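What follows is chain A paired twice: with chain B in the first complex and chain C in the second.
Right, the complex of A and B next:
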């Protein structure tokens, strides 16, 4: 394993000069083709000595071809090594930059030390630990990438020194053979790596290697947090046809076996793939998750806008009865409208920061037909808990995949607000959280969420009966009564002439032109001063009034 | 949809020209928030129908405050000539003005000024004659 000081001492620029010189040698040698051909004994030469001349010329030609192949192999291997080492050094510099910017020091052996004095605040301790882990992960992967560059170059040089067969065709073909031999195998992603590990691994690949991973191993990255959105999108689109073929095969088997339940599940998953493709064809979308392995449901996440570059990114998690087949199109449309509204507010009131948002159907939301199943019922925390880990990782992956973190807003509706609330109890980079139509967010105390004070919002519409079932215990108390959450209005409103419609019921929050959509767009766009505060309380809220002695 | 986009683009150009003629040129630019045509499905009776958001134009700053209402009127007059005969004032308060217009086909424009000035356009539900490939979507 190479060390940090070794890698930092390498001079890829010098290696590059050697590579350039080898390329020049290769060209010079290949240009000898005509001379070589002209030097062949003419066919008109008839004598005993001609055979010897021909043999001698053939030996010379083949030796030259072998030399061309060896030089080409070394040139190609050096070129790749220059790129790979430069990237690895870049990753190391980035890690050191993060360290220096956050009060950590890194020894020559790669040991990371927090320079801050003793910390007592639990939140600060957790935050510092997370930053340290990010630095350690980046250094680890940079060294792994550098090590791979080193061993690959050494192998190519040893192979060239041992002789390369340039074949019996032309010198240009020999050069091509050698160049191919100088390519290195793509380094596989680190097993069990964190999102920072995986991002550093990805950034350490050359562009050609990234393209190879997308075309030959898309399953390595399509659903992998820490990988940039553009690459996940490309990889997942590569996989759609394979997944369709897989599910179609399984469906045929299930139908043959007369398994009606499984057949329905597989049919719905195939319908989900259709819904995904229909949505993608609208353009300006990124397919950030596609997973056919769920027991009951297809899982998918589609972004509207560019998650890699947007200044403001929102992630919307829906709830009960949601399926990709039945709901992706509708949620995509609502999310698109939200982005448009947020973008207009950003342009008009703010600094014009760009906006993107994700419809995240990345967990198996509870359905009507498993309402009595304690492991997957809407009355149980289990589905939300199962999804929360993935959702937290998704949030973190957005930050890890970018050089500059976006302003990140988490949106959770209905049972999805429980999933979101549970995810936010883990350490994530979420800056604002909006929980609406919520039966409970998994806790009765906003301090349990890893979101800065004053940045957790709730919305409840008039006659939203789902939002009034809170207080059943296991989801936490009704969010209407959680101290520290800011209520945003869902009512028909006027702000010096503003005319926004009221939201009524459980499914009206993202309706265009509504007060609730306006408020959510303002938070997403980073202009919270444009929101209208308010809390809608109805008869149902009397019945969910918390009993303070119970929590 | 193709004809609607052509018509709306012409209307937008006329709005900007009318503002320039009366209030002076401004450095309108395409907002980075609107990369090309932004398509979404409408659902409902016609699943193939789409709504499209045209490129949002904006410029830093605003017209002179005492010209705000006049600017909005210019935009609304042009809009009315192009079939946007309904609409209203979304907000009118110190430091914040926004109007909108709608046509019979569900198309909607907004024109607003606060920190910056924006002009957004979105179609109602229409079908494409030749739906664009995502990579081919042109900025309009």
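Right, the complex of A and C next:
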């Protein structure tokens, strides 16, 4: 196992000079083809001794081809090693940068120490621990990548030392054989790795290796948090046809067996794939999640905009009855409108930063046909709890996959607000949270959410029955009564000469031109001062007023 | 049948080309290049592997050079032998068949 001080002492630029020199040697040798051909015993020479001369010339030619293949193999292996070592050192430097910027020290052996005085605040302790883990993970993966670079290069050099068969064809062909032999096997992702581990693993691959992973092992990264959005998108698009073939095969089997329930489920998953492809065709989309393994539903997440580079990123989680087949297109359209509105506000009032947003259908939202199933009913926390872990990991993966964290906003609607609220009880990089049309967010205390004070918002529209029943279930008290949440208006109004419409009912919050959409766009754009505060209370909210001593 | 002048000339030309190839291969100092790997990756497994390869290459490139020299020399010797052997034959041939126009 290589050590941190070893890796930091390596000089990839110097190694690069050797790689360049080896390429020149290869070219010099390959260019001797004509001399070797012309140096063969002439055909005009008729003699008993000619046969022996021809045989020894053939041996010379083939030995030279072997040398050419060895030199080519070493040249290729060195080139890859230069890239890989450079990346590993880059990952180490990044880890040290995070450490230095956050008051941690890293010893020459890689030991990470927090320099802050004894902390007493639980939140701060948790935050410091998370940063330390990030640094440790990055160092671990950088050393793993460097170790792989070293062992791969050593293997190629030793293989050359043992002799490489350059074949009996031309010296150019021998060079091609050797170059192919100098390629290293792609390092597989770390098993059970955190999102920082996986990001560092990915960044340690050469560009060619990343392309190989996308084309040959897309399943390694398509749904993996910590991997950059562009790569997840490429990988998931690679998988669509395979998934379709898989589901089609399963459907044929189910139909033959007369299993109507399974057939319906598989048909809906296939319809979901169609919906995903239709949405992607609109352009400016990234397919960040595609999962056919759900018991009942296809899961998918599609971004509008570029999650890798946007300054402001929002993740929208919908709720009850949502399916990819039935709802992805509609939510995607609403999310796209939200992004446009947020971008306009950012330009006008904010930092002019770019915006992207994700429609995240990465959990199996409860449906009408399992209302009575305690494990998956809308009346149960179970589906939300199952989804919350994935959602929290998704939030964290966005930060881990980027050099600079974006301003990250979580949006949860309806039952999705419960999923979002539960996810936010874990440590995530979410900066702002908006919970709307919510029957409950999984807690009665905003302090349970790992979101800075003053950055959790609620919206409730007039005649939103779902929001009105908040507090009657097991999801925490009605968010209308949670202290520390800021209510944003859903009523009609005018701002800066622009009229905004009222939102009514459960599904009107993201309508273009509504006050509700304006307010959410302001938060997403990082200009909360542009919001209009307000709380809409319905008759149901009177019923759900919590008794103070009960929570 | 090629004339007695053509074959030695062809052999000499082939030997000369093979000599050019030999010089080209001799100019390639791959074993020396590998010393830099050792210094660029101090303590690495690759550094040790580079030393092993440098040793192997020195031997193999030297062996190839020796074999090429032997081949070149053998072709030179063959050319000379061809001249001497068929030179005697040419003299005998002229004795048997006077040159054209001598009657």
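We adopt the following convention: the second predicted complex is superposed on the first by the 546 of 551 C-alpha atoms of A that agree within 3 Å, B and C clash if a C-alpha of one lies under 4 Å from a C-alpha of the other, contacts with A are read in each partner's own complex, and residues count from 1 in each chain.
Definition applied: a contact is a pair of C-beta atoms (placed from the backbone, for glycine too) under 8 Å apart; a residue touches a chain by one contact, two chains touch by 3 or more.
Everything quoted here is computed from the prediction, not taken from an experiment.
**Q** Mind working out whether A:355 is in touch with chain B, chain C, both or neither, as first, second, both or neither?
**A** first
**Q** For A:53, is the partner it touches chain B (first), chain C (second), both, or none of the two (neither)?
**A** Touch status of A:53: second partner only.
**Q** Please tell me which partner, chain B or chain C, touches more residues of chain A.
**A** When the residues of chain A touched by each partner are counted, C comes out ahead.
**Q** I'd like to know which partner A:120 touches here: chain B for first, chain C for second, both or neither.
**A** A:120 sits against neither chain B nor chain C.
**Q** Just chain B (first), just chain C (second), both, or neither: which does A:67 touch?
**A** After superposing on A, A:67 lies in contact with chain C but is clear of chain B.
**Q** Determine, under the contact definition given at the top, whether A:293 touches first (chain B), second (chain C), both, or neither.
**A** A:293: touches no partner chain.
**Q** Between chain B (first) and chain C (second), which does A:191 come into contact with in this model arrangement: first, second, both, or neither?
**A** Neither chain B nor chain C is touched by A:191.
**Q** Quick one: which bits of chain A touch chain C in the complex? Just the residue numbers, please.
**A** It comes out as residues 2, 6, 9-12, 14-15, 17-18, 21-22, 25, 28-29, 31-32, 34-36, 38-42, 44-47, 49, 53, 56-57, 59-60, 63-64, 67, 70-71, 74, 78, 81, 85, 150-151, 153-155, 157-158, 160-163.
**Q** Which positions of chain A touch chain B when the two form their complex?
**A** 278-285, 304, 306, 329-330, 332-333, 336-337, 340, 343-344, 346-350, 352, 354-355, 495-499
**Q** Please name which positions on chain B make contact with chain A in the complex.
**A** Residues 31-43, 50, 53, 56, 58, 88-94, 96, 98, 110, 112-118, 120, 122, 131-135, 137 of chain B touch chain A in their complex.
**Q** So in the complex, the part of chain C that touches chain A is made up of which residues?
**A** On the chain C side, the touching residues are 1-2, 6-7, 10-11, 13-15, 17-21, 24-25, 27-30, 33-34, 36-37, 39-46, 48-50, 52-53, 55-57, 60-61, 63-64, 67-68, 70-71, 74-75, 78, 82.
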